[in-house]
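Right, one structure below, let's go through it.
Naming follows writing order (A, B, C and D), and every chain is counted from residue 1.
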Amino acid sequence: MKKLAVLVTTSPYSNLSVTALDYIETALKSNIELVGVFFYQDGVMHASKNIQIASDEFQAIQHWQRLHHTYNLPLHLCITAAEKRGISDEHNDSIHAIFTVSGLGELVELTTKADRMVQL
Amino acid sequence: MTTLHIVRQSAFNTNDYAQCLQVLGDNDVIVFIDDGCYNLHHHLTNNLIDNLNNNLSKSNVSAINIKLKVIAQHANARAIKINEAVVSKIEMTDLVSLTFENDRVITWQ
Amino acid sequence: MAIDFKGIKIDTDKQGYLLDYTQWQSDLAQIIADQDGFTLTTEHWEIINFVRQFYLTYNTSPAIRALTKAMKAEFGEDKANSRYLFRLFPDGPAKQATKYAGLPKPKRCL
Amino acid sequence: MSDHALKTLAILNSKAPYSDSAGKDSVDIALVFGSFEQPVSLFFQGDGVWQLVQGQDGSAIAVKDYLKTFSAFEFYDIEDIYVCQNSLEQRNLPATFHIEAVQVLNQRDFAERLTSHHTIFRF
(Lines give C-alpha, C1' and ligand atoms only; values in the text may rest on other atoms or scores of the structure.)
Protein backbone atom coordinates (compact mmCIF):
# COMPACT_ATOMS: atom_id res chain seq x y z
CA MET A 1 0.00 0.00 0.00
CA LYS A 2 1.30 3.42 -0.94
CA LYS A 3 2.02 5.75 1.92
CA LEU A 4 1.36 9.47 1.83
CA ALA A 5 2.02 12.27 4.30
CA VAL A 6 0.94 15.88 3.94
CA LEU A 7 2.42 19.08 5.35
CA VAL A 8 -0.27 21.75 5.65
CA THR A 9 1.07 25.31 5.88
CA THR A 10 -2.02 27.25 4.77
CA SER A 11 -4.67 28.58 7.14
CA PRO A 12 -8.34 27.55 7.39
CA TYR A 13 -9.45 30.96 6.19
CA SER A 14 -7.42 30.59 3.03
CA ASN A 15 -9.47 28.83 0.37
CA LEU A 16 -6.40 26.73 -0.31
CA SER A 17 -7.33 24.41 2.55
CA VAL A 18 -10.31 23.23 0.49
CA THR A 19 -7.81 21.83 -1.99
CA ALA A 20 -5.68 20.24 0.73
CA LEU A 21 -8.74 18.50 2.17
CA ASP A 22 -9.96 17.41 -1.25
CA TYR A 23 -6.51 15.99 -2.07
CA ILE A 24 -6.29 14.10 1.22
CA GLU A 25 -9.81 12.71 1.03
CA THR A 26 -9.30 11.63 -2.57
CA ALA A 27 -6.12 9.81 -1.53
CA LEU A 28 -7.93 8.09 1.35
CA LYS A 29 -10.70 6.97 -0.99
CA SER A 30 -8.06 5.71 -3.43
CA ASN A 31 -6.90 3.28 -0.78
CA ILE A 32 -3.70 5.14 -0.06
CA GLU A 33 -2.43 5.01 3.50
CA LEU A 34 -2.23 8.48 5.01
CA VAL A 35 0.52 8.14 7.61
CA GLY A 36 -0.39 11.58 8.88
CA VAL A 37 -0.96 15.26 8.29
CA PHE A 38 1.43 17.74 9.90
CA PHE A 39 0.27 21.31 10.50
CA TYR A 40 2.96 23.99 10.45
CA GLN A 41 3.17 27.77 9.99
CA ASP A 42 -0.36 29.19 9.48
CA GLY A 43 -1.60 25.62 8.99
CA VAL A 44 -1.80 25.28 12.78
CA MET A 45 -4.76 27.66 12.79
CA HIS A 46 -6.89 24.71 11.70
CA ALA A 47 -6.65 23.39 15.25
CA SER A 48 -8.02 26.49 16.95
CA LYS A 49 -11.32 26.15 18.78
CA ASN A 50 -11.63 29.92 18.72
CA ILE A 51 -12.00 30.27 15.00
CA GLN A 52 -15.52 30.95 13.88
CA ILE A 53 -16.34 30.99 10.23
CA ALA A 54 -19.75 32.14 9.02
CA SER A 55 -22.08 29.18 8.64
CA ASP A 56 -22.52 29.68 4.92
CA GLU A 57 -18.76 29.45 4.31
CA PHE A 58 -16.50 26.41 4.10
CA GLN A 59 -16.00 24.81 7.50
CA ALA A 60 -12.56 23.23 7.26
CA ILE A 61 -12.70 21.90 10.82
CA GLN A 62 -15.81 19.82 10.17
CA HIS A 63 -14.02 18.11 7.31
CA TRP A 64 -10.89 17.41 9.36
CA GLN A 65 -13.14 15.93 12.05
CA ARG A 66 -14.95 13.78 9.52
CA LEU A 67 -11.69 12.50 7.99
CA HIS A 68 -10.17 11.92 11.40
CA HIS A 69 -13.15 9.89 12.60
CA THR A 70 -13.86 8.03 9.35
CA TYR A 71 -10.29 7.10 8.50
CA ASN A 72 -8.51 7.44 11.83
CA LEU A 73 -6.40 10.12 10.16
CA PRO A 74 -3.57 11.34 12.44
CA LEU A 75 -3.43 15.14 12.62
CA HIS A 76 -0.24 16.51 14.15
CA LEU A 77 0.21 20.05 15.32
CA CYS A 78 3.53 21.88 15.69
CA ILE A 79 2.90 23.21 19.17
CA THR A 80 5.46 26.02 18.93
CA ALA A 81 3.83 27.37 15.77
CA ALA A 82 0.44 27.01 17.49
CA GLU A 83 1.41 28.79 20.71
CA LYS A 84 2.87 31.61 18.66
CA ARG A 85 -0.62 32.06 17.22
CA GLY A 86 -2.47 31.91 20.52
CA ILE A 87 -3.40 28.23 20.35
CA SER A 88 -2.44 26.20 23.39
CA ASP A 89 -3.11 22.92 25.17
CA GLU A 90 -2.39 24.53 28.54
CA HIS A 91 -4.92 26.61 30.53
CA ASN A 92 -7.97 27.43 28.38
CA ASP A 93 -7.21 24.55 26.10
CA SER A 94 -7.92 25.91 22.64
CA ILE A 95 -7.03 22.89 20.55
CA HIS A 96 -9.67 20.68 18.93
CA ALA A 97 -9.44 17.17 20.36
CA ILE A 98 -8.76 15.54 17.00
CA PHE A 99 -5.29 17.13 16.87
CA THR A 100 -2.22 15.63 18.49
CA VAL A 101 0.18 18.08 20.08
CA SER A 102 3.50 17.32 18.38
CA GLY A 103 6.87 18.71 17.54
CA LEU A 104 8.98 18.84 14.45
CA GLY A 105 10.37 15.41 15.35
CA GLU A 106 7.00 14.07 14.22
CA LEU A 107 7.52 15.72 10.83
CA VAL A 108 10.80 13.80 10.55
CA GLU A 109 8.92 10.62 11.49
CA LEU A 110 6.17 11.16 8.90
CA THR A 111 8.71 12.04 6.21
CA THR A 112 10.67 8.85 6.80
CA LYS A 113 7.55 6.68 6.95
CA ALA A 114 5.84 8.01 3.82
CA ASP A 115 6.60 7.18 0.20
CA ARG A 116 5.65 10.77 -0.62
CA MET A 117 5.48 13.83 1.60
CA VAL A 118 3.51 16.61 -0.07
CA GLN A 119 3.31 20.24 1.09
CA LEU A 120 -0.10 21.84 0.56
CA MET B 1 13.40 10.01 -12.49
CA THR B 2 10.75 12.70 -12.80
CA THR B 3 9.28 15.42 -10.64
CA LEU B 4 5.66 16.46 -10.20
CA HIS B 5 5.40 20.26 -9.94
CA ILE B 6 2.21 21.48 -8.31
CA VAL B 7 1.79 25.15 -9.20
CA ARG B 8 -0.63 26.98 -6.91
CA GLN B 9 0.01 30.66 -7.52
CA SER B 10 -0.59 33.02 -10.39
CA ALA B 11 2.60 34.15 -12.11
CA PHE B 12 0.94 37.56 -12.46
CA ASN B 13 1.35 37.81 -8.70
CA THR B 14 4.42 35.82 -7.65
CA ASN B 15 7.63 34.40 -9.10
CA ASP B 16 6.85 30.85 -8.01
CA TYR B 17 5.96 29.62 -11.45
CA ALA B 18 9.00 31.29 -13.05
CA GLN B 19 11.18 29.56 -10.46
CA CYS B 20 9.48 26.26 -11.17
CA LEU B 21 10.31 26.60 -14.86
CA GLN B 22 13.98 27.00 -13.92
CA VAL B 23 14.25 23.55 -12.39
CA LEU B 24 12.30 21.45 -14.88
CA GLY B 25 13.76 18.15 -15.94
CA ASP B 26 12.88 15.96 -18.88
CA ASN B 27 9.49 14.31 -18.65
CA ASP B 28 8.47 16.30 -15.58
CA VAL B 29 4.79 17.03 -15.03
CA ILE B 30 3.34 20.44 -14.18
CA VAL B 31 -0.13 20.54 -12.66
CA PHE B 32 -1.88 23.88 -12.24
CA ILE B 33 -4.19 23.99 -9.24
CA ASP B 34 -5.90 26.83 -7.35
CA ASP B 35 -4.67 30.23 -8.65
CA GLY B 36 -2.01 28.38 -10.63
CA CYS B 37 -4.78 27.98 -13.24
CA TYR B 38 -4.31 31.63 -14.21
CA ASN B 39 -0.91 30.68 -15.61
CA LEU B 40 -2.74 29.26 -18.63
CA HIS B 41 -3.08 32.93 -19.63
CA HIS B 42 0.53 33.81 -18.83
CA HIS B 43 3.18 34.32 -21.49
CA LEU B 44 5.50 31.98 -19.55
CA THR B 45 3.14 29.14 -20.43
CA ASN B 46 2.91 30.23 -24.06
CA ASN B 47 6.71 30.38 -24.21
CA LEU B 48 6.98 26.98 -22.63
CA ILE B 49 4.54 25.47 -25.11
CA ASP B 50 6.30 27.12 -28.06
CA ASN B 51 9.62 25.76 -26.87
CA LEU B 52 8.23 22.30 -26.32
CA ASN B 53 6.65 22.34 -29.78
CA ASN B 54 9.80 23.58 -31.44
CA ASN B 55 11.93 21.37 -29.26
CA LEU B 56 14.24 24.31 -28.77
CA SER B 57 16.23 25.20 -25.73
CA LYS B 58 16.04 28.95 -26.08
CA SER B 59 14.65 31.16 -23.32
CA ASN B 60 15.02 29.61 -19.90
CA VAL B 61 13.56 26.25 -20.70
CA SER B 62 16.00 23.54 -21.55
CA ALA B 63 13.90 20.54 -20.61
CA ILE B 64 11.91 18.69 -23.20
CA ASN B 65 8.70 16.74 -23.13
CA ILE B 66 7.09 18.46 -20.17
CA LYS B 67 3.48 17.46 -19.55
CA LEU B 68 1.07 20.27 -18.64
CA LYS B 69 -2.09 19.47 -16.74
CA VAL B 70 -4.75 21.42 -14.93
CA ILE B 71 -7.42 20.41 -12.45
CA ALA B 72 -10.54 20.96 -14.57
CA GLN B 73 -12.71 21.93 -11.62
CA HIS B 74 -10.24 24.63 -10.51
CA ALA B 75 -9.98 26.09 -14.01
CA ASN B 76 -13.73 25.92 -14.66
CA ALA B 77 -14.50 27.70 -11.40
CA ARG B 78 -12.27 30.57 -12.58
CA ALA B 79 -13.69 30.63 -16.12
CA ILE B 80 -10.28 29.69 -17.51
CA LYS B 81 -10.57 28.09 -20.94
CA ILE B 82 -8.43 25.03 -21.42
CA ASN B 83 -6.79 24.40 -24.78
CA GLU B 84 -6.76 20.65 -24.66
CA ALA B 85 -4.31 20.45 -27.52
CA VAL B 86 -1.59 21.58 -25.12
CA VAL B 87 -2.93 21.19 -21.59
CA SER B 88 -4.78 18.14 -20.35
CA LYS B 89 -7.69 18.31 -17.95
CA ILE B 90 -7.41 16.14 -14.89
CA GLU B 91 -9.35 15.40 -11.72
CA MET B 92 -8.12 15.23 -8.12
CA THR B 93 -7.79 11.44 -8.39
CA ASP B 94 -5.29 11.98 -11.21
CA LEU B 95 -3.27 14.35 -9.05
CA VAL B 96 -3.11 11.70 -6.34
CA SER B 97 -1.95 9.12 -8.90
CA LEU B 98 0.64 11.52 -10.31
CA THR B 99 2.02 11.96 -6.79
CA PHE B 100 3.17 8.35 -6.89
CA GLU B 101 3.88 8.02 -10.61
CA ASN B 102 6.59 10.65 -10.30
CA ASP B 103 9.58 10.28 -8.01
CA ARG B 104 9.06 13.43 -6.01
CA VAL B 105 6.76 16.40 -5.62
CA ILE B 106 7.50 20.11 -5.37
CA THR B 107 4.65 22.43 -4.44
CA TRP B 108 5.14 25.96 -5.71
CA GLN B 109 3.07 28.09 -3.37
CA MET C 1 7.54 35.66 38.30
CA ALA C 2 10.77 37.37 39.16
CA ILE C 3 14.05 36.94 41.02
CA ASP C 4 15.25 39.66 43.33
CA PHE C 5 18.95 39.95 42.54
CA LYS C 6 21.10 42.60 44.21
CA GLY C 7 18.09 44.87 44.38
CA ILE C 8 17.21 44.38 40.71
CA LYS C 9 14.03 42.60 39.69
CA ILE C 10 14.79 39.96 37.06
CA ASP C 11 11.70 38.65 35.31
CA THR C 12 11.34 34.94 34.65
CA ASP C 13 8.66 32.70 33.23
CA LYS C 14 6.80 30.32 35.50
CA GLN C 15 9.42 27.60 35.05
CA GLY C 16 12.18 29.98 36.08
CA TYR C 17 13.73 30.82 32.71
CA LEU C 18 14.91 34.41 32.38
CA LEU C 19 12.74 36.46 30.05
CA ASP C 20 15.70 38.60 28.99
CA TYR C 21 18.91 36.63 28.50
CA THR C 22 21.01 39.80 28.52
CA GLN C 23 20.22 40.25 32.25
CA TRP C 24 22.14 37.11 33.15
CA GLN C 25 25.34 37.24 35.16
CA SER C 26 27.30 34.27 36.44
CA ASP C 27 26.16 34.90 40.04
CA LEU C 28 22.60 34.33 38.91
CA ALA C 29 23.10 30.76 37.77
CA GLN C 30 23.20 29.23 41.26
CA ILE C 31 20.23 31.37 42.33
CA ILE C 32 18.17 29.97 39.44
CA ALA C 33 19.45 26.48 40.24
CA ASP C 34 18.49 26.92 43.92
CA GLN C 35 14.84 27.09 42.83
CA ASP C 36 15.25 23.54 41.52
CA GLY C 37 17.19 22.50 44.65
CA PHE C 38 20.21 21.94 42.41
CA THR C 39 23.87 22.61 43.21
CA LEU C 40 26.25 23.61 40.45
CA THR C 41 29.72 22.08 40.33
CA THR C 42 32.71 22.92 38.14
CA GLU C 43 31.50 20.29 35.67
CA HIS C 44 28.10 21.95 35.42
CA TRP C 45 29.75 25.30 34.91
CA GLU C 46 31.75 24.04 31.94
CA ILE C 47 28.54 23.11 30.18
CA ILE C 48 26.62 26.21 31.24
CA ASN C 49 29.35 28.48 29.90
CA PHE C 50 29.62 26.46 26.72
CA VAL C 51 25.88 26.50 26.05
CA ARG C 52 25.67 30.21 26.70
CA GLN C 53 28.58 30.91 24.39
CA PHE C 54 26.92 28.73 21.73
CA TYR C 55 23.73 30.76 22.04
CA LEU C 56 25.55 34.10 21.87
CA THR C 57 27.41 32.96 18.76
CA TYR C 58 24.60 31.25 16.86
CA ASN C 59 21.41 32.79 18.29
CA THR C 60 20.04 29.36 19.10
CA SER C 61 20.47 26.86 21.92
CA PRO C 62 22.01 23.63 20.66
CA ALA C 63 20.04 20.41 20.40
CA ILE C 64 21.75 17.64 22.36
CA ARG C 65 23.45 16.07 19.36
CA ALA C 66 24.73 19.42 18.08
CA LEU C 67 25.91 20.24 21.60
CA THR C 68 27.99 17.09 21.89
CA LYS C 69 29.38 17.60 18.41
CA ALA C 70 30.35 21.18 19.17
CA MET C 71 31.88 20.15 22.51
CA LYS C 72 34.18 17.54 20.99
CA ALA C 73 36.94 19.95 20.01
CA GLU C 74 37.02 21.65 23.41
CA PHE C 75 36.28 18.82 25.84
CA GLY C 76 37.15 15.58 24.04
CA GLU C 77 35.10 12.40 23.71
CA ASP C 78 34.90 11.78 27.47
CA LYS C 79 32.61 14.71 28.08
CA ALA C 80 31.17 15.26 24.62
CA ASN C 81 28.51 12.59 24.87
CA SER C 82 24.91 12.60 25.91
CA ARG C 83 25.39 10.09 28.75
CA TYR C 84 27.80 12.45 30.50
CA LEU C 85 25.49 15.40 29.93
CA PHE C 86 22.39 13.61 31.23
CA ARG C 87 24.30 12.49 34.30
CA LEU C 88 25.12 16.13 35.03
CA PHE C 89 21.68 17.44 34.12
CA PRO C 90 19.09 14.75 34.85
CA ASP C 91 16.20 16.89 33.55
CA GLY C 92 17.96 17.04 30.20
CA PRO C 93 20.91 19.25 29.33
CA ALA C 94 18.93 21.22 26.73
CA LYS C 95 16.31 22.21 29.30
CA GLN C 96 18.43 22.54 32.40
CA ALA C 97 21.77 23.96 31.24
CA THR C 98 20.03 26.63 29.15
CA LYS C 99 17.96 27.65 32.14
CA TYR C 100 20.93 28.20 34.46
CA ALA C 101 22.76 29.91 31.57
CA GLY C 102 19.92 32.45 31.46
CA LEU C 103 18.84 31.47 27.96
CA PRO C 104 15.28 31.35 26.58
CA LYS C 105 13.26 28.23 27.30
CA PRO C 106 13.79 25.77 24.44
CA LYS C 107 10.87 25.54 22.05
CA ARG C 108 8.38 22.89 22.94
CA CYS C 109 8.28 21.53 19.44
CA LEU C 110 11.96 20.60 19.39
CA MET D 1 13.76 -1.30 7.75
CA SER D 2 12.53 -0.14 4.36
CA ASP D 3 10.04 1.99 6.28
CA HIS D 4 12.85 4.03 7.71
CA ALA D 5 15.25 3.99 4.81
CA LEU D 6 17.06 7.30 4.66
CA LYS D 7 15.03 9.72 2.62
CA THR D 8 16.95 12.80 1.67
CA LEU D 9 15.29 16.14 2.28
CA ALA D 10 15.85 19.31 0.28
CA ILE D 11 14.57 22.61 1.60
CA LEU D 12 14.13 25.22 -1.10
CA ASN D 13 14.26 28.73 0.34
CA SER D 14 12.56 31.37 -1.76
CA LYS D 15 11.88 34.28 0.56
CA ALA D 16 13.98 37.20 1.79
CA PRO D 17 14.86 36.83 5.46
CA TYR D 18 13.11 39.48 7.49
CA SER D 19 9.54 40.30 6.51
CA ASP D 20 8.00 37.00 7.51
CA SER D 21 9.09 33.94 9.44
CA ALA D 22 9.50 31.60 6.44
CA GLY D 23 13.29 31.59 6.61
CA LYS D 24 13.28 30.90 10.34
CA ASP D 25 10.59 28.21 10.02
CA SER D 26 12.73 26.57 7.36
CA VAL D 27 15.88 26.61 9.52
CA ASP D 28 13.96 25.05 12.42
CA ILE D 29 13.01 22.13 10.19
CA ALA D 30 16.57 21.78 8.89
CA LEU D 31 18.00 21.65 12.43
CA VAL D 32 15.50 19.03 13.55
CA PHE D 33 16.16 16.79 10.56
CA GLY D 34 19.88 17.24 11.23
CA SER D 35 19.40 16.32 14.91
CA PHE D 36 17.60 13.14 13.86
CA GLU D 37 20.50 12.29 11.57
CA GLN D 38 18.42 12.67 8.43
CA PRO D 39 20.26 14.02 5.41
CA VAL D 40 19.12 17.54 4.60
CA SER D 41 20.32 19.93 1.90
CA LEU D 42 19.51 23.62 1.63
CA PHE D 43 18.77 25.43 -1.61
CA PHE D 44 18.41 29.17 -2.13
CA GLN D 45 16.56 30.49 -5.16
CA GLY D 46 14.85 33.77 -6.08
CA ASP D 47 14.60 36.16 -3.13
CA GLY D 48 15.83 33.30 -0.94
CA VAL D 49 19.38 34.24 -1.91
CA TRP D 50 19.08 37.37 0.24
CA GLN D 51 19.33 35.06 3.25
CA LEU D 52 22.98 34.46 2.35
CA VAL D 53 24.11 38.07 1.89
CA GLN D 54 26.96 39.21 4.14
CA GLY D 55 26.71 41.99 6.70
CA GLN D 56 22.98 41.81 7.52
CA ASP D 57 21.74 42.74 10.97
CA GLY D 58 18.16 41.84 11.80
CA SER D 59 18.51 43.28 15.29
CA ALA D 60 18.62 46.78 13.75
CA ILE D 61 14.96 46.27 12.85
CA ALA D 62 14.12 44.22 15.97
CA VAL D 63 14.06 40.90 14.12
CA LYS D 64 15.75 37.97 15.81
CA ASP D 65 18.81 37.37 13.66
CA TYR D 66 18.32 33.71 12.83
CA LEU D 67 20.91 34.06 10.05
CA LYS D 68 23.59 33.70 12.74
CA THR D 69 22.31 30.15 13.22
CA PHE D 70 23.53 29.27 9.71
CA SER D 71 27.08 29.19 11.10
CA ALA D 72 26.04 26.32 13.37
CA PHE D 73 24.91 24.07 10.49
CA GLU D 74 28.09 21.99 10.74
CA PHE D 75 27.05 20.78 14.20
CA TYR D 76 23.83 19.48 12.66
CA ASP D 77 25.66 17.79 9.78
CA ILE D 78 24.13 20.19 7.29
CA GLU D 79 26.87 20.55 4.73
CA ASP D 80 25.12 20.68 1.36
CA ILE D 81 24.14 24.27 0.72
CA TYR D 82 23.43 25.45 -2.79
CA VAL D 83 22.56 28.79 -4.30
CA CYS D 84 21.18 29.52 -7.76
CA GLN D 85 23.63 31.51 -9.85
CA ASN D 86 20.86 33.05 -11.99
CA SER D 87 19.12 34.40 -8.92
CA LEU D 88 22.37 36.01 -7.71
CA GLU D 89 22.98 37.59 -11.11
CA GLN D 90 19.44 38.92 -11.39
CA ARG D 91 20.02 40.76 -8.11
CA ASN D 92 23.52 41.88 -9.00
CA LEU D 93 24.90 40.01 -5.98
CA PRO D 94 28.47 38.70 -5.66
CA ALA D 95 29.11 35.07 -4.78
CA THR D 96 30.27 35.94 -1.29
CA PHE D 97 28.18 34.80 1.65
CA HIS D 98 28.01 35.07 5.43
CA ILE D 99 28.71 31.36 5.75
CA GLU D 100 31.32 29.20 4.09
CA ALA D 101 30.65 26.08 2.09
CA VAL D 102 27.92 27.57 -0.09
CA GLN D 103 28.08 26.15 -3.59
CA VAL D 104 26.98 28.32 -6.50
CA LEU D 105 25.30 26.23 -9.17
CA ASN D 106 24.21 27.14 -12.67
CA GLN D 107 20.61 26.56 -13.61
CA ARG D 108 20.99 23.02 -14.87
CA ASP D 109 23.14 21.82 -11.97
CA PHE D 110 20.89 23.54 -9.44
CA ALA D 111 17.86 21.79 -10.94
CA GLU D 112 19.56 18.41 -11.08
CA ARG D 113 20.87 18.60 -7.53
CA LEU D 114 17.51 19.76 -6.17
CA THR D 115 15.60 16.99 -7.89
CA SER D 116 17.99 14.32 -6.70
CA HIS D 117 16.25 14.50 -3.30
CA HIS D 118 13.34 12.37 -2.16
CA THR D 119 11.33 15.04 -0.37
CA ILE D 120 11.30 18.75 -1.10
CA PHE D 121 9.84 21.47 1.11
CA ARG D 122 9.66 25.04 -0.11
CA PHE D 123 9.52 28.06 2.17
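Throughout what follows, a residue touches a chain if its C-beta (ideal position, glycine included) is under 8 Å from a C-beta of that chain, and two chains touch if they have at least 3 such contacts.
From a predicted model like this one, the values you see are computed outputs, not experimental measurements.
A.B. asks: What chains do chain B and chain D have as common neighbours?
C.D. replies: Where chain B and chain D share a partner, that partner set is A.
A.B. asks: Comparing chain centres built from Cα atoms against the global Cα centre, which chain wins on proximity?
C.D. replies: Of all chains shown, the one whose C-alpha centroid lies nearest the global centroid is D.
A.B. asks: Provide the C-alpha centroid distance between chain C and chain D, rounded to the nearest whole angstrom.
C.D. replies: 28
A.B. asks: Please report how many Å separate the Cα centroid of chain B from that of chain C, as a whole number.
C.D. replies: Computed value for the inter-centroid distance: 50 Å.
A.B. asks: I'd like the Å distance between the centres of chain A and chain D, where a centre is the mean of that chain's Cα atoms.
C.D. replies: Each chain reduced to its C-alpha mean, chain A and chain D end up 26 Å apart.
A.B. asks: Two-or-more-chain contact residues of chain C, please, as numbers and ranges.
C.D. replies: 107, 109-110
A.B. asks: Can you tell me which residues of chain A touch two or more of the remaining chains?
C.D. replies: If we look for residues of chain A contacting two or more partner chains, we find 80-81, 103-105, 116-117, 119.
A.B. asks: Taking each residue of chain D in turn, which ones touch at least two of the other chains?
C.D. replies: Within chain D, the residues that touch at least two other chains are 28, 32, 119, 122.
A.B. asks: Please list, in label order, each pair of chains that touches.
C.D. replies: A-B, A-C, A-D, B-D, C-D
A.B. asks: For chain D, which residues are in contact with chain B within the complex?
C.D. replies: 12, 14, 45-47, 84, 86, 107-108, 110-112, 114-115, 117-120, 122
A.B. asks: Could you pull out which chain A residues touch chain C in their complex?
C.D. replies: Answer in residue numbers: 78-81, 83, 102-105.
A.B. asks: Hey, which residues of chain A end up touching chain B in the complex?
C.D. replies: Interface residues on the chain A side: 2, 4, 9-10, 15-16, 19, 22-23, 26-27, 30, 32, 115-120.
A.B. asks: Any idea which chain C residues touch chain A in the complex?
C.D. replies: 107-110
A.B. asks: Quick one: which bits of chain B touch chain D in the complex? Just the residue numbers, please.
C.D. replies: 1, 3, 15-16, 19, 22-25, 60, 62, 103-109
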